[in-house]
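There's a structure below that I have some questions on.
Here the chain labels run A, B and C in written order, and each chain numbers its own residues starting at 1.
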Amino acid sequence: MNVGLFIPCYVNQFYPQVAIATLELLEKFNCKVGYPLKQTCCGQPMANSGYEKLAQSCNELFTDNFAEYDYVVCPSGSCTLHIKDHLHSSKNETASTSIQHKVYELTEFLVDVLKVENIEASFPYRVGVHQSCHGQRGLHTSQMTELVAAPYSKGDFLLQKVKGLELIALDRMDECCGFGGTFCVVEESVSVKMGKDRVTDHEKHNVQVITGGDMSCLMHLEGILKRKKSNITVKHIAEILNSEL
Amino acid sequence: MNSREKILTAVKMNQPAMQQLPDEEAIAVIQYEDKLAQFTTVLKTIGGNVVPINCIDEIVDFVKNNFSDSQNYVTTLSELDGIAMLDEKLDAHFLENIEVAVVKALFGVAENGSVWLTDAEVKIRALPFICQHLAVVLQKNDFVNNMQEAYKITGKSDYNFGVFIAGPSKTADIEQSLVLGAHGPKTMTVFVLDN
Amino acid sequence: MSSINAKHPELAEAFNKDEARVDWHDETLWWIRQKRDKAAWTIPEWEVLRETASAIKNNVLSNMHEYLVEFEAKARANGIIVHWAADGKEHNEIIHAILQENKVSQIVKSKSMLTEECGLNEYLAKNEIDVVDTDLGERIVQLANEHPSHIVLPCIHWKKEEIGELFHQHLNTPKGNADPQFLTNAARIHLREKFLTRRIAITGVNFAVAETGEFVVCTNEGNADMGAHLADVHIACMGIEKIIPQRKHLGIFLRLLARSATGQPITTYSSHFQKPNAGQVMHIVLVDNGRTVQLGREDFRNSLKCIRCAACFNTCPVYRRSGGHSYHTAIAGPIGAILAPNLDMKKYADLPFASTLCGSCSNVCPVKIDIHNQLYKWRQEITEEGYSPKTKTVAMKVMAAILSKPAVFNFAGKAGRWVMKYLPFVVNNKLNPWYKQRDMPAPPKQSFTEWYKKNRK
């Protein structure tokens, strides 16, 4: 199983520990993981801002980098969804279409492809899960509360296997954190208010660590937590699943 | 080209390729074991009242005991002795002081506590809206499970005006506080006749 | 308030100055979203209903010409006078002409967001016609000289004490009385007088049935009926997209509408108008006002499926924390953000960006409009048409240049980390909008690529 590791641009630059955890976790499950050194970004920041056309060079670079792999795995729901929905190469359409069908967010890869049964990790903390929107509603990594449908969560399924971890229920299970890409600066006041409200929900339930599948959401929440000098920390789900026993 | 032509031409030009209607008959629609019980539960939560009766005359006593302005009770049901018959030739504006209006409804809908009636039942369209308190009479067997069943009945009828009424008039426009009796009736009573 | 050209970000910022009020607005609307959820869960076939309603509306879009022609013929045969208005101005003129013909200068109007869209009240006021909005929430904003901030709950942004004060000024209720029951009763008396004395009533239309030529008006208060049945002339105003094929389809839509809007199983009144009352004249005005253009937009035509329930408003985390007036358009919220750019792309270029694309709206929509996908697509369209600020285009081009070249990307990341570590004041200042209320992430020693090269290659 030849897995190409796709690391979001801001994780690469600012949260390398999440990428390291993802790599180590996949290797623990016997994946042969390659990391294309020339990767940069999926193009979502430009595309979501209305500049889809400017993202085309990112599309070509992405296709070149990842064409050869059986699976492409990424510790980010929103980047994965963007590739799935929008990747298109004018030079090699076959390759880009193929990638769209073999790109996975980390938790969905672990649950649906690797069919992981055990996680050898220990994280004895009260953990609140932030359900990042694009993973949840776009990739169906967990059930959304909008639908009259049976609940499930791939991330929670995995976290429940971590020793000592206490999953905490929140008041609003799947409300957006307010990051939204350039939204976080274009609509700063609403963005921050949304983030503050998410933080309050976790605080109210005595959460010690906020986790989730997208570092962008966690980066935004962390910015608010640090500003108010909170004791709550954030950790990407890859880091928790990869934590030492 | 007048506006009608302009609009219809633009619609014809811009509408997409035909998409067929779905078969709504294929839906497994909710059924209730006891339609009247479900109707009663729902109507109570939306501020209405269900009163089971065995004989239509019980309505007269109920109305006299529960409402206070006996000069202004009116009904469209000739069977009701003791409540004045509505003068159908009246201008609707003169109904302003009607305290209680008792009319017949055609059926009730269990899923939402509503009753269906038409201008044939109320005679004057404004009556069930302008009265201070509304009462309708239904037979015990005249209940359907849901709206899709309801339209199987009304679908065949040729009314001039018809309305589903679910409880008393209400609003929650002031800070989401529910208030009964917005512009229409302040209460609604459904008499269910078990013949 | 702000200038006439103020956009969503500035208006939302002003709204957020009073945090306690934002919390109150947000919690109220979230509570309504929860009521909707509770109501949906009482219907096991809820998701099938949504799919069916969506499919019916898809059929309507694809056969609208036939349905409109059929409706007109049947309505006419029923004795209803049918008018066609290409735009809002013509709609207003048609209504004005009917009023003049009847020598009427005072009317009552029940809720019609279409009339808001067309600016009817302002138009009639200029022509010395007095319009009283009879929906309690609409009357409140009318007395306050405001527009509704929500298409179903017009004064959701008003607190009861404020309404009490407003009624004290306009209806002479006792000062300081903020009891909803008391105030509603005062409005009942005040508006009953209008119903009884005014000869012409305007209503909206929730659904118009092509098969039978009838139309349906849904209210909780009964104000549409009080107006219509006491008037000599009833004028119904309708966007052409409100047409549905057959009467039985009402069985689907009326199961979804109120549950989606407020969590009620059905509105108190669902009034079916097929023929005018004896001695009464009934008009219906069919309005285009940009709908045929939207119908021709492949990416956006599904927005015309909307049944105006506002479930998308109630679930939207941005709407709840910015309020309807931040959208500076008659129909606010997520649906407004995909309808308005069709009317004026320049004026409403900001609206599709007032979203994180979280997708909640699309999943509560009873007719399955892909709202969040349309928001994304409007962003591309608006940028293509040149309505994006020049500074943004420059920034995006720079970003694209960096992100398309691995060496530049890696260098830029390294440079950024260095600046954040050694010259933090360069980013930790007022010019950085992120920094206003959030700390920046701590710069790591190296990127993952650098780590990988050192540790794995």
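Note that contacts are C-beta pairs under 8 Å (C-beta built on N, C-alpha and C of every residue); 3 or more make two chains touch, one makes a residue touch a chain.
Keep in mind that what you see is a predicted model, and the values were worked out from it rather than measured.
Novice: Average the C-alpha coordinates of each chain, average all protein C-alpha coordinates together, and give the chain whose average is closest to the overall one.
Specialist: Centroid comparison flags C as closest.
Novice: Computing the C-alpha centre of each chain, which chain sits at the greatest distance from chain B?
Specialist: A
Novice: When the centre of a chain is set as the mean of its C-alpha atoms, what distance in Å lies between chain A and chain C?
Specialist: Once rounded, the distance between the two centres reads 32 Å.
Novice: Averaged over CA atoms, how far is the centre of chain B from the centre of chain C? Could you give it in whole Å?
Specialist: So the centre of chain B lies 29 Å away from the centre of chain C.
Novice: As a quick test, compute the distance in whole Å between the mean CA positions of chain A and chain B.
Specialist: The answer is 52 Å.
Novice: If you look at chain C, which of its residues touch at least two other chains?
Specialist: 43-44
Novice: Touching chain C in the complex: which residues of chain A?
Specialist: 7, 9, 11-17, 19-20, 23, 35, 37-41, 43, 45-52, 54-55, 57-58, 61, 133-134, 137-138, 144-149, 172, 174-176, 178-195, 197, 219-220, 222-224, 226-227
Novice: In the complex, go through chain C and note every residue touching chain A.
Specialist: On the chain C side, the touching residues are 8-9, 12-13, 15-16, 19, 22, 26, 30, 37, 40-41, 43-44, 46-47, 315, 317-318, 321-322, 353-360, 362-364, 376, 379-380, 382-383, 388, 392-393, 396-397, 399-400, 402-406, 409, 413, 416-417, 433-434, 436-441, 443-444, 446-453, 456.
Novice: Considering the complex alone, what residue numbers of chain B touch chain C?
Specialist: Chain B reaches chain C through residues 2-4, 6-8, 10-22, 24, 27-30, 42, 46, 92-93, 96, 109, 111-114, 119, 124-126, 129-130, 146-152, 154-155, 158-177, 179, 181-185.
Novice: What does chain C use to touch chain B in their complex?
Specialist: 28, 31-32, 43-45, 48-49, 51-52, 55-56, 58-59, 61-65, 68-69, 84-86, 90, 134-137, 140, 153-156, 158-160, 163, 180-181, 183-185, 187-188, 191-192, 195-196, 220-223, 225-226, 229-230, 240, 245, 247-252, 254-255, 262, 264-275, 277, 286, 288, 292-293, 295-296, 298, 301
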